[in-house]
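Consider the two complexes below, in which chain A is the common component and chain B and chain C are the respective partners.
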Partner chain A sequence: MRARLATGGLDFVLSVCVAILALLVALIFVVAAGVSFTSGADAFVSGAFGSQLNLAGTLAKMVPLTLVALGWIVVFKAGRFHVGFPGQILVGGMFVTVVALKIHLPAGLHLPLVLVAGMAGGALYAGIAAWLWAKRGVNEILSTLLLNLIAAQLLAWWVRGPLHDHTSPLPLTPAFPNSARWPELLKNTDLHWDIVLVPIAAILISFLLARTLAGFRMRLVGSGEMIAREAGVSPERIGVRAIMLSGALAGLAGASLVAAGTTPQVGEDFGGTYGFTGIAVALLARNNALAAVPAALLFAALEQGGQTMEGTVGISSSLVDFIQGLMIVLVLAATTVLYLVRRRTTKPRAPKATAPPTPRAELEPSK
Partner chain B sequence: MTGGAERQSGSPEALRLVGITKRFPGVLANDDVSLDVRKGEVLGLLGENGAGKTTLMNVVYGLYKPDGGQIFVNGREVEIKSPEDALDLGIGMVHQHFKLVPDMTVAENIAMAPSLLPGLIRLKKVEREVAELCEKFGLNVDPRSTVSDLTVGARQRVEIVKLLYRGADLLILDEPTAALTPPEWHELGIFIRDLADQGRSVIFITHKLDELFGLVDRCTVLRDARVVDTVNIAAVDKPELAKMMVGREVTLRVQRPIVQAGKPVLEVSGLTVADDEGRTLIDDIGFEVRAGEVFGVAGVAGNGQTELVEALIGLRQPETGEIRLDGKALKKLSPLTFTNAGGALVPEDRHREGVALELNVLDNLLMKEFARGRYAKRGVIDFDAARERSETLVRNYDVKTPGVDVPVRQLSGGNQQKLVLARELGRDPRLVIAFQPTRGLDVGAIEFVYNELNDKKKAGGAILLVSFELDEIFTMADRFAVMVDGRFLRVLDGGEADLETVGMLMGGSEADAGVAASGRTVTT
Partner chain C sequence: MTHMFAAIGIGPFDTAWLAEALILTTPILLAAMGELISERAGVLNVGLEGFMLAGAFFSYLMAWKAHSLFVGVVCGIAAGMLFAVVMGLLTIEAKADQIVSGVGINLAATGLTSYLFDEIFGNQAQIVVPIIGDIKIPVLSSIPDFGPALFKNDWTLYLAFLLVPITWFLLFRTKWGLAIRASGELPSGADTAGISVRRVRWFGVLTAGALAGLAGVNLAIVQVGIFHQEMTAGRGFLALVAVIFGRWKPVGVMGACLALGGADALELRLADQNQVPTQVWGVVAGIAAALAIYYVLRSRQRRPRKVAILLSSMVALSGVVLVFAAPHVDLPDQLWRSLPFLLALIVLAGAVSRAHMPSKLTLPYTRGED
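Coming up: the complex of A and B.
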C-alpha cells in the first residue's frame, strides 16, 4: 500500500513537471509572436492566479472540467468510451433553462431542482447512446459524437425559438431568477458556490468505484466482459448505467455553466470546450477520481491564463487557442510516454511475459 | 521419429550461448545460461513456467538486451539488437501468441514482413514462392486463404512458413503444441524432424515432458533461471527429466481415489443447443454426474465442449433440454442462478474468463460473492470481512502473493489458477465444472489442481471435467463420454478404457482409426 502511494505521489510530481515543461514550450510561441519571455510567462501566471478576479475565474472553470473528467472516469472504469460530454452538457443546460425560467419556486427548492434537471437531461441524452449500444450494438463513440452535433443544433433553435428573450436581438435566453442560480462565493467574480461540487463529486465517485458493489461491478465489467458475464454481472446493464451516470455528471456540469455563469442568461455557446478538455483532465489524472481535482486545476489555469494573456500582452486569441491546444497535446503525450516507460521498467513479472512488450499493446485500454 | 544425437555430434554448431544473464527489477530471469544447438539438431528447452525459457529466447531473438554473456551464430560472436538482426542471421521465432493479421491472406501476411519492404509487393510472386516452399516442406498451407479462416494449427504453419520464406535456418518454437489438437501436434512433430533432416536447427520450448521423447535430440533443462543440465534424450527417462525440471521427486500420476458414488447431482437430458443461424452445436445430450464422482468429457477441441459448458452455466440458452441440480430443475438458468444453486466453474481460458488481471487478489477471490451481493452492507463493501475471507482463501489454497491488494496480473499462471480454485472450491459447491483446468500449468501446479479436485470428490462433490487432454481424462475421470460433433458417442468407464478405443472414437468413427490418439500417445 505504501509503495502504491509512493508511486502515486511520484506520478503526481512528474505530471506537474511535465505541465511546467509544456508551458515553457508553449511560451516559445509567445516569444516568436514578439512578446518577451518574461512578460509572457508573467502574464500567464498572473492571468491564472495573480488577482482575486483571475483566481476566481480559474477556480470556477474547475467545476465543469472536474465533473466531465469524473464522467469519463466512470465510463472508462466500466470499459466503455464515449465522447458525448459536449452534447450532454448542452442538453443538461437546456433542461436547466426550462426549470429556471418556467417554474417558480423559493430559492431553497429552485436550485436543487435545477441541479436535478441538469443531471436528468445529461443522463437521458447519454441514455440514447447507451440504449443504441446495448440493444442495437451501435458504437457509442460514434453515436455520442453525432449526438453532440444534434445537441448543438437543438440549442441554437432553443435560444432563438422557445426560450428566446424577445427583448434582445441576440440569440439569448431571458435572465434567470436568482433563486435558480448558484449564489456567488466571491462578490463580482465568476466564483460561485458550485465549487463545492468539485471535492464532493470527486470523493463520491472515488468512493463509489472503490468501496461499493455498484463500483465493483463496473470495474469487473471494465476488466473483462466474459469474466463479468460468468460471475453473473451483465456487461450491458452495467455499461448502460455507467454511460448514464457519466451523462448525469456532464449534465451537472451543464447546470453549473448555466446557473453559475458570468451572465444571468445563456446563449448557444455556453458549453465552451469543457466537454472535450474534461477528457484530457481525466487522462492526465490517469483515470483516478481524486487526482482529477488537481488535473482540473491545471487545465483551468491554462484556460484562464490564456484568456487573460490575450488582453495583457496583446497576442491574438487564435494564438491563445493554439497554445492551449498545444499544451494539452504536450501534457498528454509526455505523461503517456512517462507512464509507458514506467510500466516497462517496473514490470514485476517480466520473465513471465510471453509476448515482448510492445507500446501498442500497452496503449490499448485494459481489458 | 527417433532422435539422432550421435548423428549430429559432429555437425558444426548453429548457435551457442555463453553465460547469458538477464535481470529485471527484482527478478533474475536468466543466470549465466549457456547452451548450444548444432546444425540439423532439435534441441528441447525444458522448464517450468517462469524458469526463464521464453526470456532466454527473447534475448536470442533481439527482443531483450542481455545484461551479460555472449551469443555466437555459426561460430561468430554477434550482437542481436532486434528481431530483424536475428532474421538476418537466420534465426526465426514463433511465439505462443501468433503475430498475424487476421484479415489478410497468407501471402499478404508473409509479404508484409518488414525486411521485404519498401518497394512494390509482388503478391503473385510471393504466392508462387510460398506455394513452392510449402510443397518442399510438406506443409499444407494455401497462400491465398485468409488467415482468419484458418485453424490454429494452420496459422502456426503460416508463422513457420513466414520465417522459412525469410531464410531462417534456426527456428525457435515457443510452446508450439499448446493450442494444437493431437493430429496437428503429430503433423508438427513430423515436420520438425524433416527440418532437422534437411540440416536446419530447431529449439523446441516446452514444459511438457511427453513432447520431448522421439522429437528432440538433446534437451537443456532450465530451473530458477539456471541451466540444470543438458542431456541426450536417449539417455534419460521421464521421471529423471521431471526431477531435473522441478527439483524434487514428482509423482506424475495422481492416484484416482475410489469413492462410492452417491445420488446424482447434475442431471442433463435432451440438451440441444443451436447457434444464431440455427446450426445445431449440441445434439440431444443426456448424462448425469453423481456425488463423489468425476465425470469426464473427452474429445478434440471444437466439438461442442465450449457450448456445452456455456449452456450448463446459463451463458447460452438451449433450444430444448432439462438441467437439474440436486434434483431441482433449473429454469431460466443464468450464471447467477447457477452459482446460487451450488455450481462452480473453473473456466477454459484463464485470462479471459478465470481472473480479471487488472483487479486485485481480493476482488478476484470474492467477485462471485460481490456479484450476488455478499460481503456488503447496503451496497457498500464490508472490507474488514472481505479482507479476512480473502486472506483465509489465500492461506488455504496456498496462493503465493505478496498480499490481497496486488493486481492478479503480477501472479504467475499457476498461482492465478490456484486463485480460481480458491474462489470456486472455497464456496463449497455441490457441482464443479472444470474446463481444461490445467491448461498452461507446470507439473507442480497440475498436481495441485488434481489433488484439490480429488479432495472435492472425496468430500462428496460432483465434478464435470471437460478436457482435450486424454491423459487428464484417464488420470481423473471415473466415467467419461467422448464428444464428437456435439454428441456423446459413448460413455466409458475410466478404469477400463484404453487409448486405442478412445482415439478411434475421438476421430469420429471406428473406421478411420487412430490419427487423433496417436499424436499425443505414440511417444509416451
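Coming up: the complex of A and C.
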C-alpha cells in the first residue's frame, strides 16, 4: 500500500513538473512575441480565473475535456488505442441537433433525450471503427483518423443542407428550444449545469474500471489478449464494448458542447480541438480517471486563458494547441525518465537475477 | 470513340483529370515512400501529417524570408526532419508508445505552425511566393494529349515517382534494405547479426520526416505558393493508409497513392458540376458489374458469396437504370470531398490482411527483452 502511494506521489510530481515546464515554454513564446513576462503571466491567469465570466468559461471547458479524457482512459485500460474522439464529438452533436430541433418535448424529458442521442451518436460512430477492427482487422487508429475527417465533412453538409437555418446566410442550424439545453448555472456565462457530469462521470468510470466485473474484464484484456483468452474472455467483444463506451463519452461531450454552448445553435466548428486535447488530459492524468478532473481543469484554464490572451495582449490562441501537443511529448519523455530512475533504484538486486545460469543448472530439468 | 470520351469529360481519357491526379498524388506518394521505409524498419509515424505541415510552413516562411526557393526546399525538409527527431527520441530512445507520440507531434505541429503563421503573417494580406516551375522533358512532352500531362511537371513529381523503384531497390536488393526489413520483422535476429536496430530505425524515421517535409514543400511552394493553417488537410493520414493498402510494397503503395490522388482529382471535378453527371452512374454500374462477375467466377473455387453477388448485381442494375433515367440529383460537395477518405476506409476494410504487416511494427526493441 505504501509503495502504491509512493508511486502515485511520484506520478503526481511528474505531472506537475511537466505542466510547469510546458507553461514555461508557453511563456518563452509569449516573451519572444514582445510581451513582457509579468504581463503575459498576468494576462493568462486573469484570463483563466480573473473574472466570474472567465472562471465560468474555464469550468465550462472542463466538461468536454474530462469526458474525452475518460473515454481515452476506458479504451486505454482495455488495451485499445483509438483517436476518433473529434469525429465522435461531431456525430454525437449531430444526433443532438436532430433530437433538439425535430422532436418537441417538455423540458424535463427533452434534455435527457438529447443526452441519450449524443451518447448514441458517439457510440454508433465509434462502433464503425470497432466493427472494422473486430471483424475486418482494420487498425482502429487509422480508421478513426479517417472517420474524423469524414465526420467533419458530414457536419459541414449537415449545417448547410438538412438542418440549415434558412433565415441565415451562415452555415448554422436554427436555434434550439430552451427545453433541449442545459440550464445555466451562472446567469449570462458559459457555465451550465452540465458541469455536474465532471465528478459524476469521473467517479462512475473510476468505479467501473476498479470495482466491477466489466471493468475487470477490460483491464484483463488490456494486460494481455492471450491471458484474457485463456480466462474465457473474448478480447474482441470487450474491445468493441470499450471503444463504444468511449465513443458514448465523446458523444456526451459533443452533447455538452451543443446543448451548453455559448450560442444555442450549431456551426461547423463546434467541436474545437477537444477531441485531441482530451487525450493530452488523460496522459497528464497518467490514465487515472479521478486525476483526469484536475488535469482537465489545467487544460481548460489553458484554453480559456489562451482565448482571452488573444484579446488582451494579442497572442494567437493557436499557441495553446502547441503547448498541449508539447505536454503529450513531455509526459511521454518524463514517463521514460521515471522508468529509468525506478530501474536504477532497484539495481542492487539486478546482478544476481541476470547472472548466467551454470551449465549444470541448465541441464538439471531435463533429467 | 474519342468523341464519346470527350463528351464524358471525366475519366481516364481526360488528360486534364490525369494531370490533376498526378499532381495530387505527388505529396501523398512522397510521404508514403518515407513512411514505407520507416514502417519496414518498425516505426509507425502517426505524426506524418505533422511532419508534412511543418515542411509546408517552414518552406513557405523561408522561401519568403530568403527570397529563395532553394532555401525554402531545404528548410521544409529540415523542419520535417526536426519533428522526426522528436519522434525518434520518444519512440526509439525513450521507447514511448509510437501512436501517442504521433498524436502529440500532430497536435504540436498544428499548433506551432498555426501560431507562427498568425504571429508572422497574421496582420497582412496573404503573401504569395513564387512557385517552383515545371520541367519539360524534351520529345516526350510533345506527345499530343498525354505528353504535357505526364512530362511537363515540377521536379518533386518526377522525384516522387522515381522514388518508387529506388525504394524497391533499397529495400529488396541491398544489404541496408535487408537490415531495414529485419529491424521491422525480427529485431532480435537483426541485433544478433550485428545490425544496430537503433540506427536502422533512426534512418527510417528521419527518411519519413525528410520525405514528408518534402511533401509539405510540394503543397506550399510547388502547388500554390501560399500557406494556410492546416493546409495538409489529412494527406498525411492518406499516406499512412496508402502504405497499408499497398501491403508495404513500393509498387503497391504507389498504386494506392494513385487511387487516392485520382479520387482527390475526381472530387475537384465533381464538386464543380452542379448535378451528378450520368457518367458517374455508369462508372458505379461498371465497377459493381465487375465485382459481381468476380464473385461469380470465384464462387467456382470457393464457397459462393450469394449476398455479395446479389448486392453487387443490384447496384450494377440500378446504375444502368440511373444512366438512362438521368435524374437531376444534386449531391453535396462534402460528399465528394470525403471521397478519398471514404475510399481509403473501404480499401482498408476490404483487402488488408495482417500477414503483410512488419510483425514488430510499433513495438520498441530492447536488447534482451525480445
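As a convention for this text, the second predicted complex is superposed on the first by the 306 of 367 C-alpha atoms of A that agree within 3 Å, B and C clash if a C-alpha of one lies under 4 Å from a C-alpha of the other, contacts with A are read in each partner's own complex, and residues count from 1 in each chain.
Definition applied: contacts are C-beta pairs under 8 Å (C-beta built on N, C-alpha and C of every residue); 3 or more make two chains touch, one makes a residue touch a chain.
This is a predicted model, so every value here is computed, not measured.
Q: Is A:161 touching anything from chain B or chain C once the two structures are fitted on A? First, second, both or neither.
A: A:161 contacts chain C only, not chain B.
Q: Classify the contacts of A:318 with the two partner chains as first (chain B alone), second (chain C alone), both, or neither.
A: After superposition on chain A, A:318 lies in contact with chain C alone.
Q: Give one of first, second, both or neither to describe whether A:276 is in contact with chain B, with chain C, with both, or with none.
A: Second partner only.
Q: Touch check for A:106: first (chain B), second (chain C), both, or neither?
A: neither
Q: Return the chain, chain B or chain C, that is in touch with more residues of chain A.
A: Partner with more touched residues of chain A: C.
Q: Given the touch rule stated above, what does A:141 touch, chain B (first), chain C (second), both, or neither?
A: Second partner only, chain C.
Q: When the two structures are overlaid on chain A, which partner does A:169 contact: first (chain B), second (chain C), both, or neither?
A: A:169 contacts neither chain B nor chain C.
Q: So, does A:229 touch the first partner chain B, the second partner chain C, both, or neither?
A: After superposing on A, A:229 lies in contact with chain B but is clear of chain C.
Q: Where on chain C does chain A make contact in their complex?
A: Spelled out, the residues of chain C in touch with chain A are 46, 86, 89-90, 94-97, 99-101, 103-112, 114-115, 117-119, 122, 229, 234, 237, 240-241, 244, 332-335, 337-338, 341-342, 344-345, 348-350, 352-354.
Q: In their shared complex, at which residues does chain A touch chain B?
A: 1, 4, 211-214, 216-217, 219-220, 222-224, 226-227, 229-233, 345-356, 366
Q: Quick one: which bits of chain A touch chain C in the complex? Just the residue numbers, please.
A: Touching chain C from chain A are residues 29, 33, 81, 83, 132, 136-139, 141-143, 145-147, 149-150, 153-154, 156-157, 160-161, 273, 276-277, 279-280, 283, 315-316, 318-329, 332-333, 335-336.
Q: Which residues of chain B touch chain A in their complex?
A: Contact set of chain B toward chain A: 22, 24-27, 29-30, 49-50, 52, 54-55, 58, 63-64, 95-97, 174, 225, 313, 315, 334-336, 338-339, 345, 347, 349, 352-359, 363, 367-368, 370-373, 376, 379-381, 383, 405, 409-413.
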